[in-house]
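Got some structures for you, see below.
Next, two complexes with chain A in common: one pairs it with chain B, the other with chain C.
Moving on to the complex of A and B:
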């Protein structure tokens, strides 16, 4: 039995795929947003290809941020690494407070135009939610469970891999989810430095005063963000419910 | 055999355990009692080196417990704690299999052991093995916790308030089960509790700790008759003393020659229960039958009164 929210999600997904594959079907809907003679559907490249590139950029940046943030969180929650906690906290916080636009501006002279500056900006911006959530997850494990893990004779590494990470996983996933959603939206500004993302559509719309372009670029990003957010949340829930949370 | 010799644990300026020496005989149940902060849990955790002592040595069967890495030592020693400490993301079977898996037992041997233990703890392996801990009742979780501690057939089982989270009826059952299992596996059990009732029920010997020191280490009967200090006396509870004394021995040792009127009582029940039956039925004496159901004598109110006063 399909529940109502899932039905909406399925419809949204279907509409998104249809729009990406056959955008001209939606032309009548977008037509009222543009002046005579102006195109209502983005015509400077394939929307599907841009979407896939957009997703690829977000995926690479988030994967990098996850690896680094998780490694940092693991390091500072070991007794040997506890002294690095304040340092890594401030490093990660700097990544978050530094505006992505400023990162782009600084990175372009070094790495040139294209995808790289965007990846760096998204990577830095995505670190904090993952790091903070991983830290929370790893430091709020049930005391008796950790005691039992030591008592059964697990080594530090076995405790980390078999007990701590699996138990903290729902909270870590929540951090990754936040980071992905932020990155999906933020990636659009990468197109100001010629990264190939859905930002191209929005920027093209802004430059030619074409509201339809802006709306379709924005909507694709928004629908992607909502669907990915919900999918990751469902994964967290199924992990969590197994543990009786 | 566990030999604890001159063990001291200091955290900075505070001494938690001070120069404790105890010898624990194999295949016995030793209960460490004391108020919270008396150092009893710390002492227990130094046996499997969850806490490293500041000074002193602990030997297990003559072997210094520092002769192998801590994690390897702990795989050889069972450890059960209050609130069971089961791994919430692993099934009951996986939880019980924890130490055998760490030791690298093969699949068939692990499965057989898990099934054996679940059966022993009156949990159907097919029904309970695949469940997750949160799907179990408190009493069942506690049993799984003890089963996990026993999975690798340790000679020594350490228990830290294992029944603390259970309601009284389930707790009494769990204690009886533990004694049966202790006999079955011939495990040496060291158990920490603050519940004196539990201590007298389970212990072959009781160690009383106060402010980091062992103030008395002896059999329950001896402790009741000759408490070493005022602290031990207050821990026992002056008003409870005669009843505790009767509770630790069975009717078998109080049988007198002769016979009496009324419904017979088994020689296996505690003298306290016999006293209770006598008082409730208003009789002076009751006939006693042995395990085979044959009349072996009587138990009398006067006889029990003598014993309750510590003059047997």
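Moving on to the complex of A and C:
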């Protein structure tokens, strides 16, 4: 069943792939944005390669953030870790007021230029939404269900794996989705510290006053973000409906 | 009295011990760009100072590790932080050879670890005490006042960060002004336009879905790209519309940054207005209609006050986000604290990065605390209105 929104998404994906593989095809579209002799298509590297590097950076950072955030959230919601719960909530609130640029810039002196500070900044910034949602998910489980699980004699570990995590999964996945979307956009800033992401295209455009570069870099990231957001949301829904009754 | 151990406190105490005894307290560099040499607390400070600071840290570690009342934990955390703040200033004086204006002293990892550990202790104690919004704001004022007093008294003047500041004091305040103008100005514009648009969206559901979709899509454009894309239309405006250039509209600089921040700000304001209005209880509206209120009276007298806390939450999101995003404006010549951040990154000068990053973080943090307090103060009214 191909509904209209999905058709649009498919078209966007096709256009994106076509642009990444054969950017010259789109040259006439971007030509009006640049002066006479300036190149209209990014010529200092392969767009496809940069996109893949961009995605890789986001994927590594999000995977790391997911593992750590989930582990921490599980830890502070156990009885033995209850003492950490109030503080961890405040830390999430405080952490989210830190601007990503500041995190990135402060990571540079410690980790040097390149991909490392970007990964660290994305990882730290990505932790917060996942941790926050995991906390919400694990602390708002229906009381009756938990009672029932305890009543049937499940151990703490069984309850966590069979009841708590599956029930909290939709909220946790929403946190991961938020984290991915934020990271996709924030990764572009990584190019100001020489990380190889799509930000390179945008910054090259800003420096050489080439609007076509800025537009293509920005659009690739935006389309990626929208498509990945929608894909993750669809995955959440199908997971939710499979689990729900 | 039985002594019991606080788990979180043990971690804090371990962190503090590492920061005080194993990690360097200050870094000494012969000039601005050479690599630094690490100095421990006992090397960086005169013996009396070092002893006082170590005693404070040890006391704080003991109080943290045991189950102690929250007010005590808070007090010891803050007094130790104050001692550290004074101490790092003293270290600068102690380490810099007299008459040497090239030497740079800056806090090293041990100082930051101690600050982090004590910050955790203070945050945990504050969280447990649950102070009222007003007390939180007063607390914030106290801390900011203390920092301001230290800055003005010249205690920190020997530190590298302050030396960076001293050599660009004028630019600093000019960029600070631009930063605040960008963040607050775009927020004001987004509020003035976003709230009526939100009301309209609430009344016309068809408009709502389309408009929120567009605003959502804008959010996915990375900030540096949006800033860059706006250069073209604004540059065109400046050339072709008479008077546009005169009011400061130009292709590069603050104008595209302002418009970009404005566009990013619209979604939270509009969406929260819609959500807030949708959350107004039907009975409240029915009752208002029953007593013959006009549409506008209902909006101004009933719906808007009830939706206000939610709208304020949107404004908080925007303000904190804008203060952070305004740093990016520096990339397109829009000024703001980002100027120092990106200059510092370019020169690998950590202190210059800090000169831009620290005020940004402080601003964002202050904005978050103040607005959170405002939101909390605005929310109880909702219950009063509902129960009335």
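Methods note: the second predicted complex is superposed on the first by the 236 of 245 C-alpha atoms of A that agree within 3 Å, B and C clash if a C-alpha of one lies under 4 Å from a C-alpha of the other, contacts with A are read in each partner's own complex, and residues count from 1 in each chain.
Here is the rule we use: a contact is a pair of C-beta atoms (placed from the backbone, for glycine too) under 8 Å apart; a residue touches a chain by one contact, two chains touch by 3 or more.
The model shown is predicted, which means the values in this text are computed figures rather than measured ones.
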- Message: Both complexes share chain A, so when I overlay them there, do chain B and chain C fit or clash?
- Response: fit
- Message: By the touch definition at the top of the document, which applies to A:168: first (chain B), second (chain C), both, or neither?
- Response: neither
- Message: Looking at A:138, would you say it contacts chain B, chain C, both, or neither? Reply first, second, both or neither.
- Response: neither
- Which of the two, chain B or chain C, is in touch with more residues of chain A? C
- Task: In the overlay, answer first, second, both or neither for which of chain B and chain C A:217 touches.
- Result: second
- Message: One more residue to check, A:99. First (chain B), second (chain C), both or neither?
- Response: second
- Item | Partner chain in contact with A:158 - chain B first, chain C second, else both or neither | first
- Task: Answer with first, second, both or neither: which of chain B and chain C does A:149 touch in the superposed model?
- Result: first
- Using C-alpha centres in the superposed arrangement, which angle lies between chain B and chain C as seen from chain A, in steps of 10 degrees? 100
- Which of the two partners, first being chain B and second being chain C, lies in contact with A:205: first, second, both, or neither? second
- Message: Using only CA atoms and the superposition described at the top, report the least gap between chain B and chain C in Å.
- Response: 19
- What part of chain A is shared between its chain B contacts and its chain C contacts? none
- Query: Which residues of chain A touch chain C in the complex?
  - Reply: 33, 81, 83-84, 86-87, 89-91, 93-94, 96-102, 105-106, 108-109, 181, 184-186, 188-189, 192-193, 198-199, 202-203, 205-206, 211, 214-215, 217-219, 221-222, 225-226, 229
- Residue ranges of chain A in contact with chain B within the complex: 142, 144-145, 147-155, 158, 163, 166-167, 242-244
- Item | Touching residues on chain C, where the partner in the complex is chain A | 6-8, 120, 123-124, 126-128, 217, 220-226, 228-229, 231-232, 320, 323-325, 327-328, 331-332, 338, 341-342, 344-345, 348, 350, 353-354, 356-357, 360-361, 364-365, 367-368
- Message: Which stretch or stretches of chain B touch chain A in the complex?
- Response: 48, 50, 71-76, 79, 81-89, 98-99, 102, 132-135, 145, 148
